[in-house]
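There are structures below to look over.
Below, chain A partners chain B and then partners chain C, in two separate complexes.
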Partner chain A sequence: MWIYEKKLEYPIRVSYTNPRLAKEIITQYGGPDGELAASLRYLTQRYTMPISQAKAVLTDIGTEELAHMEIVASLVYNLIKGATIDEIKAAGLDDYYADHDKALYFVNAAGAPWVASYIQSKGDPIADLHEDLAAEEKARATYEFLIRLSDDPDVTDTLRFLREREVVHFQRFGETLNLVHEWMDSKKVF
Partner chain B sequence: MANTTRKTPSNSEPPEGKTAGYFGQLARAYVPPQTYSRVWSPAEGLMKGTVFPELYRPYEPGMRP
Partner chain C sequence: MDQRRRDLLRIMELEFAAVDLNLFLDTHPDEQRALADYNAVSQELMRAKMAYESRYGPLMNYGYSMSEGTWRWVEEPWPWEITFNRGE
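Moving on to the complex of A and B:
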(Lines of atoms letter the chains of each structure in order from A and count residues from 1; the text may use other names and numbers.)
(Lines give C-alpha, C1' and ligand atoms only; values in the text may rest on other atoms or scores of the structure.)
Protein backbone atom coordinates (compact mmCIF):
# COMPACT_ATOMS: atom_id res chain seq x y z
CA MET A 1 0.00 0.00 0.00
CA TRP A 2 1.17 3.50 -0.78
CA ILE A 3 0.47 6.99 0.43
CA TYR A 4 0.41 9.51 -2.42
CA GLU A 5 2.11 12.87 -1.99
CA LYS A 6 0.50 15.35 -4.32
CA LYS A 7 3.75 16.97 -5.37
CA LEU A 8 6.86 15.82 -7.17
CA GLU A 9 9.87 14.56 -5.20
CA TYR A 10 11.93 17.22 -6.98
CA PRO A 11 10.46 20.32 -8.65
CA ILE A 12 10.66 20.49 -12.44
CA ARG A 13 10.77 23.37 -14.87
CA VAL A 14 11.32 23.43 -18.61
CA SER A 15 12.64 26.57 -20.33
CA TYR A 16 10.78 26.11 -23.62
CA THR A 17 8.91 23.62 -25.78
CA ASN A 18 11.45 21.07 -26.98
CA PRO A 19 10.01 17.91 -28.60
CA ARG A 20 13.49 16.76 -29.66
CA LEU A 21 14.63 16.61 -26.02
CA ALA A 22 11.33 14.96 -25.00
CA LYS A 23 11.95 12.20 -27.55
CA GLU A 24 15.28 11.44 -25.88
CA ILE A 25 14.22 11.77 -22.23
CA ILE A 26 11.21 9.48 -22.72
CA THR A 27 13.63 6.55 -22.65
CA GLN A 28 13.87 7.08 -18.89
CA TYR A 29 10.08 6.63 -18.78
CA GLY A 30 9.70 3.42 -20.79
CA GLY A 31 13.18 2.40 -21.92
CA PRO A 32 15.31 -0.56 -20.79
CA ASP A 33 17.10 1.38 -18.03
CA GLY A 34 14.20 3.70 -17.26
CA GLU A 35 12.21 4.38 -14.14
CA LEU A 36 9.28 2.05 -14.92
CA ALA A 37 11.68 -0.87 -15.35
CA ALA A 38 13.53 0.08 -12.16
CA SER A 39 10.44 0.40 -9.99
CA LEU A 40 8.78 -2.79 -11.23
CA ARG A 41 12.04 -4.73 -10.95
CA TYR A 42 12.58 -3.80 -7.30
CA LEU A 43 8.95 -4.01 -6.23
CA THR A 44 8.77 -7.52 -7.73
CA GLN A 45 12.10 -8.87 -6.52
CA ARG A 46 11.41 -7.88 -2.92
CA TYR A 47 9.18 -10.90 -2.21
CA THR A 48 11.99 -13.44 -2.45
CA MET A 49 14.58 -11.51 -0.44
CA PRO A 50 15.63 -13.63 2.56
CA ILE A 51 15.95 -10.85 5.15
CA SER A 52 13.66 -8.04 6.15
CA GLN A 53 16.31 -5.35 5.54
CA ALA A 54 16.58 -6.40 1.89
CA LYS A 55 12.80 -6.39 1.44
CA ALA A 56 12.69 -2.93 2.97
CA VAL A 57 15.43 -1.50 0.75
CA LEU A 58 13.78 -2.86 -2.41
CA THR A 59 10.40 -1.50 -1.32
CA ASP A 60 11.84 1.93 -0.49
CA ILE A 61 13.90 2.28 -3.65
CA GLY A 62 11.14 0.81 -5.84
CA THR A 63 8.79 3.41 -4.38
CA GLU A 64 11.24 6.22 -5.05
CA GLU A 65 11.64 5.02 -8.65
CA LEU A 66 7.87 5.44 -9.07
CA ALA A 67 8.33 9.03 -7.94
CA HIS A 68 11.11 9.40 -10.52
CA MET A 69 8.83 7.97 -13.21
CA GLU A 70 6.40 10.75 -12.35
CA ILE A 71 9.17 13.37 -12.62
CA VAL A 72 10.26 12.05 -16.03
CA ALA A 73 6.63 12.00 -17.23
CA SER A 74 6.20 15.62 -16.14
CA LEU A 75 9.37 16.63 -17.97
CA VAL A 76 8.33 14.91 -21.20
CA TYR A 77 4.79 16.27 -21.09
CA ASN A 78 5.92 19.83 -20.45
CA LEU A 79 8.48 19.62 -23.26
CA ILE A 80 5.88 18.53 -25.86
CA LYS A 81 2.59 20.04 -24.72
CA GLY A 82 3.07 23.34 -26.56
CA ALA A 83 4.62 21.89 -29.71
CA THR A 84 3.09 22.56 -33.12
CA ILE A 85 2.72 19.84 -35.73
CA ASP A 86 5.63 21.34 -37.66
CA GLU A 87 7.84 21.28 -34.55
CA ILE A 88 6.85 17.67 -33.87
CA LYS A 89 7.72 16.71 -37.44
CA ALA A 90 11.02 18.56 -37.29
CA ALA A 91 11.95 16.77 -34.05
CA GLY A 92 11.16 13.34 -35.51
CA LEU A 93 8.38 12.85 -32.99
CA ASP A 94 5.72 12.47 -35.69
CA ASP A 95 5.85 8.64 -35.51
CA TYR A 96 5.03 8.82 -31.80
CA TYR A 97 2.37 11.48 -32.38
CA ALA A 98 0.57 9.25 -34.90
CA ASP A 99 -0.10 6.66 -32.20
CA HIS A 100 -0.20 8.69 -29.00
CA ASP A 101 -0.87 12.37 -29.75
CA LYS A 102 0.89 14.13 -26.84
CA ALA A 103 -0.02 11.44 -24.33
CA LEU A 104 2.62 9.65 -22.27
CA TYR A 105 3.45 6.11 -23.32
CA PHE A 106 6.18 3.68 -22.25
CA VAL A 107 8.71 3.67 -25.08
CA ASN A 108 12.45 4.05 -25.42
CA ALA A 109 14.08 6.90 -27.34
CA ALA A 110 13.65 5.02 -30.62
CA GLY A 111 9.95 4.32 -29.99
CA ALA A 112 10.18 0.63 -28.98
CA PRO A 113 7.54 -0.19 -26.34
CA TRP A 114 8.41 -1.29 -22.81
CA VAL A 115 8.60 -5.06 -22.34
CA ALA A 116 8.89 -7.15 -19.19
CA SER A 117 12.00 -8.84 -20.56
CA TYR A 118 13.90 -5.65 -19.67
CA ILE A 119 13.82 -6.93 -16.08
CA GLN A 120 14.48 -10.17 -14.27
CA SER A 121 13.21 -11.61 -11.01
CA LYS A 122 15.44 -14.58 -10.37
CA GLY A 123 14.58 -15.65 -6.85
CA ASP A 124 18.28 -15.87 -6.01
CA PRO A 125 18.90 -12.79 -3.85
CA ILE A 126 22.59 -12.46 -4.80
CA ALA A 127 21.78 -12.60 -8.52
CA ASP A 128 18.89 -10.16 -8.12
CA LEU A 129 20.95 -7.64 -6.14
CA HIS A 130 23.72 -7.75 -8.75
CA GLU A 131 21.11 -6.94 -11.40
CA ASP A 132 19.94 -4.05 -9.24
CA LEU A 133 23.47 -2.67 -8.83
CA ALA A 134 23.91 -2.89 -12.61
CA ALA A 135 20.53 -1.24 -13.18
CA GLU A 136 21.58 1.75 -11.09
CA GLU A 137 24.80 2.16 -13.07
CA LYS A 138 22.96 1.86 -16.39
CA ALA A 139 20.45 4.47 -15.30
CA ARG A 140 23.28 6.73 -14.12
CA ALA A 141 24.98 6.37 -17.50
CA THR A 142 21.72 7.13 -19.32
CA TYR A 143 21.24 10.30 -17.30
CA GLU A 144 24.77 11.36 -18.21
CA PHE A 145 24.02 10.82 -21.92
CA LEU A 146 20.81 12.84 -21.52
CA ILE A 147 22.68 15.65 -19.72
CA ARG A 148 25.05 15.79 -22.72
CA LEU A 149 22.08 15.92 -25.09
CA SER A 150 20.18 18.56 -23.11
CA ASP A 151 20.20 22.18 -24.27
CA ASP A 152 17.81 23.26 -21.51
CA PRO A 153 19.50 24.20 -18.21
CA ASP A 154 16.26 23.74 -16.23
CA VAL A 155 15.82 20.21 -17.55
CA THR A 156 19.50 19.47 -16.96
CA ASP A 157 19.06 20.47 -13.31
CA THR A 158 16.37 17.82 -12.83
CA LEU A 159 18.43 15.22 -14.72
CA ARG A 160 21.34 15.89 -12.34
CA PHE A 161 19.11 15.24 -9.34
CA LEU A 162 17.84 11.97 -10.81
CA ARG A 163 21.39 10.89 -11.68
CA GLU A 164 22.65 11.52 -8.15
CA ARG A 165 19.84 9.37 -6.74
CA GLU A 166 21.15 6.44 -8.80
CA VAL A 167 24.54 6.86 -7.10
CA VAL A 168 22.90 6.76 -3.67
CA HIS A 169 20.80 3.72 -4.61
CA PHE A 170 23.91 1.86 -5.75
CA GLN A 171 25.41 2.37 -2.29
CA ARG A 172 22.24 1.09 -0.60
CA PHE A 173 22.07 -2.02 -2.80
CA GLY A 174 25.75 -2.66 -2.08
CA GLU A 175 25.13 -2.49 1.66
CA THR A 176 22.13 -4.80 1.18
CA LEU A 177 24.31 -7.28 -0.71
CA ASN A 178 26.71 -7.32 2.26
CA LEU A 179 23.83 -8.04 4.64
CA VAL A 180 22.54 -10.90 2.47
CA HIS A 181 26.04 -12.39 2.24
CA GLU A 182 26.34 -12.20 6.03
CA TRP A 183 22.96 -13.86 6.44
CA MET A 184 23.95 -16.68 4.08
CA ASP A 185 27.26 -17.15 5.91
CA SER A 186 25.45 -17.35 9.25
CA LYS A 187 23.17 -20.03 7.80
CA LYS A 188 26.23 -22.12 6.94
CA VAL A 189 27.62 -21.90 10.46
CA PHE A 190 24.49 -22.82 12.40
CA MET B 1 18.93 -12.77 11.86
CA ALA B 2 21.82 -11.25 10.00
CA ASN B 3 25.21 -11.24 11.62
CA THR B 4 25.98 -7.56 12.02
CA THR B 5 29.72 -7.86 12.64
CA ARG B 6 31.99 -6.85 9.76
CA LYS B 7 34.30 -9.87 9.94
CA THR B 8 35.34 -12.43 7.40
CA PRO B 9 33.87 -15.81 8.29
CA SER B 10 36.40 -17.94 10.16
CA ASN B 11 36.53 -20.60 7.44
CA SER B 12 37.94 -18.09 4.95
CA GLU B 13 40.59 -16.09 6.79
CA PRO B 14 42.59 -13.93 4.39
CA PRO B 15 46.18 -15.02 3.75
CA GLU B 16 48.93 -13.63 5.98
CA GLY B 17 49.62 -9.99 5.17
CA LYS B 18 46.45 -9.53 3.12
CA THR B 19 43.64 -7.17 3.98
CA ALA B 20 41.81 -8.45 7.02
CA GLY B 21 38.18 -7.84 7.83
CA TYR B 22 35.11 -7.84 5.69
CA PHE B 23 36.58 -7.50 2.20
CA GLY B 24 38.40 -10.82 2.20
CA GLN B 25 36.51 -13.29 0.02
CA LEU B 26 37.16 -14.06 -3.61
CA ALA B 27 34.32 -14.18 -6.16
CA ARG B 28 32.24 -11.67 -4.26
CA ALA B 29 31.37 -8.05 -4.89
CA TYR B 30 31.64 -5.63 -1.98
CA VAL B 31 30.60 -2.04 -1.47
CA PRO B 32 32.11 -0.43 1.63
CA PRO B 33 29.37 0.19 4.21
CA GLN B 34 28.66 3.87 4.78
CA THR B 35 29.13 5.18 8.29
CA TYR B 36 26.95 8.02 9.47
CA SER B 37 28.81 11.31 9.82
CA ARG B 38 28.14 14.86 8.66
CA VAL B 39 24.93 15.67 6.75
CA TRP B 40 23.78 18.69 4.80
CA SER B 41 20.51 20.43 5.63
CA PRO B 42 17.35 18.92 4.09
CA ALA B 43 17.08 21.89 1.67
CA GLU B 44 20.67 21.52 0.49
CA GLY B 45 20.31 17.75 0.31
CA LEU B 46 17.23 18.12 -1.92
CA MET B 47 19.10 20.37 -4.32
CA LYS B 48 22.10 18.05 -4.48
CA GLY B 49 20.23 14.73 -4.49
CA THR B 50 21.75 13.49 -1.23
CA VAL B 51 22.32 14.79 2.30
CA PHE B 52 25.59 12.84 2.53
CA PRO B 53 28.68 14.74 1.33
CA GLU B 54 30.60 11.47 0.86
CA LEU B 55 27.96 10.19 -1.60
CA TYR B 56 27.77 13.36 -3.70
CA ARG B 57 29.30 12.68 -7.14
CA PRO B 58 28.33 15.54 -9.44
CA TYR B 59 28.71 14.98 -13.18
CA GLU B 60 30.02 17.44 -15.73
CA PRO B 61 29.60 16.68 -19.45
CA GLY B 62 32.88 15.51 -20.92
CA MET B 63 34.11 13.70 -17.84
CA ARG B 64 34.25 9.94 -17.78
CA PRO B 65 33.58 7.79 -14.72
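Moving on to the complex of A and C:
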Protein backbone atom coordinates (compact mmCIF):
# COMPACT_ATOMS: atom_id res chain seq x y z
CA MET A 1 0.00 0.00 0.00
CA TRP A 2 1.15 3.49 -0.72
CA ILE A 3 -0.41 6.63 0.69
CA TYR A 4 -0.17 9.89 -1.25
CA GLU A 5 0.67 13.02 0.64
CA LYS A 6 -0.54 16.26 -0.94
CA LYS A 7 2.75 18.14 -0.64
CA LEU A 8 6.22 18.10 -2.20
CA GLU A 9 9.18 16.82 -0.20
CA TYR A 10 11.09 20.04 -0.94
CA PRO A 11 9.81 23.43 -2.14
CA ILE A 12 10.24 24.41 -5.78
CA ARG A 13 11.16 27.90 -6.93
CA VAL A 14 11.09 28.86 -10.62
CA SER A 15 12.18 32.41 -11.55
CA TYR A 16 10.84 32.49 -15.10
CA THR A 17 9.50 30.43 -17.99
CA ASN A 18 12.45 28.43 -19.36
CA PRO A 19 11.59 25.62 -21.81
CA ARG A 20 15.30 25.05 -22.59
CA LEU A 21 16.02 24.16 -18.96
CA ALA A 22 12.86 22.00 -18.86
CA LYS A 23 14.14 20.03 -21.86
CA GLU A 24 17.35 19.26 -19.95
CA ILE A 25 15.83 18.57 -16.52
CA ILE A 26 13.21 16.15 -17.91
CA THR A 27 15.97 13.55 -18.20
CA GLN A 28 15.75 13.16 -14.42
CA TYR A 29 12.06 12.31 -14.92
CA GLY A 30 12.35 9.64 -17.61
CA GLY A 31 16.04 9.33 -18.48
CA PRO A 32 18.42 6.42 -17.77
CA ASP A 33 19.57 7.79 -14.39
CA GLY A 34 16.33 9.57 -13.54
CA GLU A 35 13.93 9.25 -10.66
CA LEU A 36 11.45 6.89 -12.37
CA ALA A 37 14.27 4.43 -13.03
CA ALA A 38 15.56 4.84 -9.47
CA SER A 39 12.23 4.29 -7.74
CA LEU A 40 11.18 1.35 -9.90
CA ARG A 41 14.60 -0.29 -9.60
CA TYR A 42 14.60 -0.24 -5.79
CA LEU A 43 10.94 -1.08 -5.40
CA THR A 44 11.26 -4.16 -7.62
CA GLN A 45 14.59 -5.36 -6.19
CA ARG A 46 13.30 -5.34 -2.61
CA TYR A 47 11.26 -8.55 -2.86
CA THR A 48 14.28 -10.85 -3.02
CA MET A 49 16.54 -9.10 -0.50
CA PRO A 50 17.76 -11.66 2.06
CA ILE A 51 17.62 -9.50 5.21
CA SER A 52 14.91 -7.30 6.63
CA GLN A 53 17.06 -4.16 6.83
CA ALA A 54 17.77 -4.35 3.10
CA LYS A 55 14.03 -4.71 2.39
CA ALA A 56 13.43 -1.61 4.54
CA VAL A 57 16.16 0.46 2.84
CA LEU A 58 14.95 -0.41 -0.67
CA THR A 59 11.31 0.26 0.24
CA ASP A 60 12.10 3.59 1.89
CA ILE A 61 14.60 4.92 -0.66
CA GLY A 62 12.34 3.71 -3.50
CA THR A 63 9.50 5.65 -1.91
CA GLU A 64 11.62 8.78 -1.49
CA GLU A 65 12.58 8.54 -5.17
CA LEU A 66 8.87 8.68 -6.07
CA ALA A 67 8.76 11.99 -4.19
CA HIS A 68 11.80 13.16 -6.17
CA MET A 69 10.08 12.18 -9.42
CA GLU A 70 7.24 14.48 -8.37
CA ILE A 71 9.66 17.34 -7.63
CA VAL A 72 11.32 16.97 -11.06
CA ALA A 73 7.89 16.85 -12.75
CA SER A 74 6.82 19.98 -10.86
CA LEU A 75 9.95 21.83 -12.01
CA VAL A 76 9.37 20.87 -15.66
CA TYR A 77 5.65 21.71 -15.43
CA ASN A 78 6.37 25.20 -14.07
CA LEU A 79 9.28 25.87 -16.45
CA ILE A 80 7.13 25.27 -19.56
CA LYS A 81 3.59 26.17 -18.47
CA GLY A 82 3.82 29.82 -19.59
CA ALA A 83 5.90 29.22 -22.73
CA THR A 84 4.69 30.52 -26.10
CA ILE A 85 5.00 28.48 -29.29
CA ASP A 86 7.90 30.69 -30.37
CA GLU A 87 9.71 30.08 -27.08
CA ILE A 88 9.10 26.33 -27.38
CA LYS A 89 10.54 26.34 -30.92
CA ALA A 90 13.53 28.45 -29.90
CA ALA A 91 14.28 26.04 -27.03
CA GLY A 92 14.17 23.00 -29.31
CA LEU A 93 11.19 21.61 -27.43
CA ASP A 94 8.95 21.60 -30.53
CA ASP A 95 9.57 17.89 -31.23
CA TYR A 96 8.36 17.06 -27.73
CA TYR A 97 5.44 19.50 -28.04
CA ALA A 98 4.23 17.75 -31.23
CA ASP A 99 3.62 14.54 -29.28
CA HIS A 100 2.87 15.76 -25.76
CA ASP A 101 1.88 19.45 -25.77
CA LYS A 102 3.01 20.57 -22.29
CA ALA A 103 2.16 17.27 -20.61
CA LEU A 104 4.73 15.31 -18.64
CA TYR A 105 6.12 12.23 -20.37
CA PHE A 106 8.99 9.91 -19.47
CA VAL A 107 11.83 10.81 -21.83
CA ASN A 108 15.49 11.64 -21.56
CA ALA A 109 16.95 15.03 -22.57
CA ALA A 110 17.14 13.91 -26.22
CA GLY A 111 13.51 12.72 -26.27
CA ALA A 112 14.10 8.95 -26.09
CA PRO A 113 11.35 7.25 -24.06
CA TRP A 114 11.98 5.43 -20.78
CA VAL A 115 12.71 1.72 -21.13
CA ALA A 116 12.84 -1.03 -18.51
CA SER A 117 16.30 -2.02 -19.71
CA TYR A 118 17.64 1.06 -17.90
CA ILE A 119 17.32 -1.01 -14.74
CA GLN A 120 18.12 -4.52 -13.56
CA SER A 121 16.72 -6.79 -10.88
CA LYS A 122 19.18 -9.65 -10.61
CA GLY A 123 18.07 -11.53 -7.52
CA ASP A 124 21.67 -11.60 -6.30
CA PRO A 125 21.68 -9.05 -3.45
CA ILE A 126 25.37 -8.17 -3.88
CA ALA A 127 24.90 -7.50 -7.60
CA ASP A 128 21.68 -5.54 -7.01
CA LEU A 129 23.16 -3.35 -4.27
CA HIS A 130 26.23 -2.61 -6.40
CA GLU A 131 23.89 -1.52 -9.18
CA ASP A 132 22.08 0.72 -6.68
CA LEU A 133 25.35 2.31 -5.54
CA ALA A 134 26.28 3.01 -9.17
CA ALA A 135 22.79 4.36 -9.87
CA GLU A 136 23.12 6.90 -7.05
CA GLU A 137 26.49 8.09 -8.37
CA LYS A 138 25.14 8.38 -11.92
CA ALA A 139 22.17 10.39 -10.67
CA ARG A 140 24.51 12.61 -8.62
CA ALA A 141 26.63 13.24 -11.72
CA THR A 142 23.53 14.06 -13.79
CA TYR A 143 22.36 16.59 -11.20
CA GLU A 144 25.83 18.18 -11.31
CA PHE A 145 25.60 18.46 -15.12
CA LEU A 146 22.13 20.01 -14.78
CA ILE A 147 23.38 22.48 -12.14
CA ARG A 148 26.10 23.53 -14.61
CA LEU A 149 23.48 23.95 -17.35
CA SER A 150 21.02 25.84 -15.14
CA ASP A 151 20.76 29.61 -15.58
CA ASP A 152 18.09 29.91 -12.89
CA PRO A 153 19.46 30.07 -9.31
CA ASP A 154 16.04 29.17 -7.89
CA VAL A 155 15.86 25.95 -9.92
CA THR A 156 19.51 25.26 -9.04
CA ASP A 157 18.57 25.31 -5.34
CA THR A 158 16.10 22.44 -5.83
CA LEU A 159 18.61 20.54 -8.04
CA ARG A 160 21.17 20.86 -5.22
CA PHE A 161 18.73 19.30 -2.76
CA LEU A 162 18.13 16.38 -5.14
CA ARG A 163 21.89 15.94 -5.67
CA GLU A 164 22.48 15.81 -1.91
CA ARG A 165 19.89 13.09 -1.49
CA GLU A 166 21.77 10.88 -3.97
CA VAL A 167 24.85 11.22 -1.77
CA VAL A 168 22.88 10.18 1.33
CA HIS A 169 21.27 7.25 -0.50
CA PHE A 170 24.72 6.08 -1.65
CA GLN A 171 25.83 6.09 1.99
CA ARG A 172 22.80 4.05 3.12
CA PHE A 173 23.22 1.52 0.27
CA GLY A 174 26.89 1.10 1.22
CA GLU A 175 25.87 0.31 4.79
CA THR A 176 23.22 -2.09 3.50
CA LEU A 177 25.82 -3.88 1.36
CA ASN A 178 27.99 -4.33 4.47
CA LEU A 179 25.02 -5.74 6.40
CA VAL A 180 24.31 -8.24 3.60
CA HIS A 181 27.99 -9.28 3.54
CA GLU A 182 27.90 -9.82 7.32
CA TRP A 183 24.74 -11.89 6.97
CA MET A 184 26.36 -14.02 4.24
CA ASP A 185 29.49 -14.52 6.34
CA SER A 186 27.36 -15.64 9.29
CA LYS A 187 25.64 -18.23 7.09
CA LYS A 188 28.88 -19.80 5.83
CA VAL A 189 29.41 -23.33 7.05
CA PHE A 190 32.55 -25.24 6.05
CA MET B 1 4.98 34.85 2.14
CA ASP B 2 1.47 33.95 3.23
CA GLN B 3 0.70 31.94 6.33
CA ARG B 4 -0.21 28.82 4.37
CA ARG B 5 3.16 28.69 2.64
CA ARG B 6 4.95 29.32 5.93
CA ASP B 7 3.04 26.47 7.59
CA LEU B 8 3.75 24.18 4.61
CA LEU B 9 7.49 24.96 4.71
CA ARG B 10 7.57 24.04 8.41
CA ILE B 11 5.92 20.70 7.62
CA MET B 12 8.44 20.12 4.80
CA GLU B 13 11.32 20.80 7.21
CA LEU B 14 10.01 18.45 9.88
CA GLU B 15 9.10 15.69 7.46
CA PHE B 16 12.46 15.92 5.74
CA ALA B 17 14.13 15.41 9.12
CA ALA B 18 11.87 12.38 9.66
CA VAL B 19 12.72 10.92 6.22
CA ASP B 20 16.45 11.35 6.74
CA LEU B 21 16.40 9.89 10.28
CA ASN B 22 14.21 7.03 8.99
CA LEU B 23 16.82 6.04 6.40
CA PHE B 24 19.62 6.33 8.97
CA LEU B 25 17.71 4.13 11.42
CA ASP B 26 17.13 1.49 8.73
CA THR B 27 20.86 0.73 8.82
CA HIS B 28 21.43 1.78 12.49
CA PRO B 29 18.36 0.47 14.36
CA ASP B 30 20.16 0.47 17.73
CA GLU B 31 21.20 4.14 17.68
CA GLN B 32 19.20 5.47 20.62
CA ARG B 33 19.90 9.17 19.98
CA ALA B 34 18.67 8.98 16.38
CA LEU B 35 15.60 7.07 17.56
CA ALA B 36 14.83 9.73 20.19
CA ASP B 37 15.22 12.45 17.53
CA TYR B 38 12.96 10.52 15.16
CA ASN B 39 10.25 10.19 17.80
CA ALA B 40 10.49 13.86 18.80
CA VAL B 41 10.34 15.03 15.17
CA SER B 42 7.43 12.69 14.44
CA GLN B 43 5.44 14.13 17.32
CA GLU B 44 6.07 17.72 16.26
CA LEU B 45 5.28 16.83 12.64
CA MET B 46 1.99 15.25 13.63
CA ARG B 47 1.00 18.40 15.53
CA ALA B 48 1.99 20.68 12.63
CA LYS B 49 0.05 18.54 10.13
CA MET B 50 -3.09 18.50 12.28
CA ALA B 51 -3.02 22.30 12.58
CA TYR B 52 -2.42 22.67 8.81
CA GLU B 53 -5.18 20.23 7.88
CA SER B 54 -7.75 21.94 10.11
CA ARG B 55 -7.12 25.17 8.16
CA TYR B 56 -6.43 24.06 4.59
CA GLY B 57 -7.85 20.54 4.24
CA PRO B 58 -6.32 17.08 4.32
CA LEU B 59 -2.71 16.36 3.36
CA MET B 60 -3.48 12.65 3.22
CA ASN B 61 -6.50 10.60 2.20
CA TYR B 62 -7.48 6.90 2.45
CA GLY B 63 -8.46 7.30 6.08
CA TYR B 64 -5.31 9.02 7.32
CA SER B 65 -7.04 12.32 8.04
CA MET B 66 -10.64 13.42 8.36
CA SER B 67 -12.30 16.05 6.21
CA GLU B 68 -14.58 18.55 8.00
CA GLY B 69 -17.80 19.78 6.40
CA THR B 70 -17.08 18.91 2.76
CA TRP B 71 -14.68 16.56 0.97
CA ARG B 72 -11.76 18.99 0.89
CA TRP B 73 -9.30 16.53 -0.70
CA VAL B 74 -10.42 17.68 -4.16
CA GLU B 75 -9.62 21.34 -3.50
CA GLU B 76 -6.76 23.10 -5.25
CA PRO B 77 -3.89 23.79 -5.15
CA TRP B 78 -2.11 20.50 -5.87
CA PRO B 79 1.55 20.25 -4.86
CA TRP B 80 2.97 21.14 -8.29
CA GLU B 81 0.83 24.29 -8.31
CA ILE B 82 2.54 25.73 -5.23
CA THR B 83 5.81 27.54 -5.98
CA PHE B 84 7.89 29.62 -3.62
CA ASN B 85 9.82 32.83 -4.19
CA ARG B 86 13.55 33.28 -3.66
CA GLY B 87 14.37 33.68 0.03
CA GLU B 88 11.16 32.01 1.16
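We adopt the following convention: the second predicted complex is superposed on the first by the 188 of 190 C-alpha atoms of A that agree within 3 Å, B and C clash if a C-alpha of one lies under 4 Å from a C-alpha of the other, contacts with A are read in each partner's own complex, and residues count from 1 in each chain.
Here, a contact is a pair of C-beta atoms (placed from the backbone, for glycine too) under 8 Å apart; a residue touches a chain by one contact, two chains touch by 3 or more.
Because the structure is predicted, anything quoted here is derived from the model rather than measured.
Applying the stated contact rule after C-alpha superposition, one finds that A:Asp185 touches chain B and leaves chain C untouched.
With both structures placed on the common chain, the touch criterion links A:Ala73 to chain C but leaves chain B unconnected. When the two complexes are overlaid on their common chain A, residue A:Glu64 makes contact with chain C while staying clear of chain B. Using the contact criterion defined above for the overlaid structures, shared-chain residue A:Ile85 touches neither chain B nor chain C, since it reaches no partner. Touch criterion met: A:Arg13 reaches chain C, while chain B stays clear of it. Contact with both chain B and chain C is seen for A:Glu175 once the two complexes are overlaid on the shared chain.
Of the two partner chains placed by the overlay, neither chain B nor chain C lies in contact with A:Ala98. By the touch criterion stated above, A:Gln53 is placed in contact with chain B and with chain C alike.
Contacts of chain A with chain B, set against its contacts with chain C after fitting on chain A, overlap at residues 10, 53, 168, 175, 179. Across the interface of their complex, chain C is touched by residues 3-15, 53, 56-57, 60-61, 64, 70, 73-74, 77-78, 153-154, 168-169, 172, 175-176, 179 of chain A. Remark: chain B residues 1-4, 9, 22, 28-34, 46-50, 52, 55-59, 61, 65 touch chain A in the complex.
Residues 10, 51, 53, 130, 133, 141, 143-144, 147-148, 160-165, 167-168, 170-171, 173-175, 177-179, 181-183, 185-186, 188-189 of chain A are the ones touching chain B in the complex.
Of all residues in chain C, those touching chain A in their complex are 8-9, 11-12, 15-16, 19-20, 22-24, 26-29, 58-62, 64, 73, 78-80, 82-86, 88.
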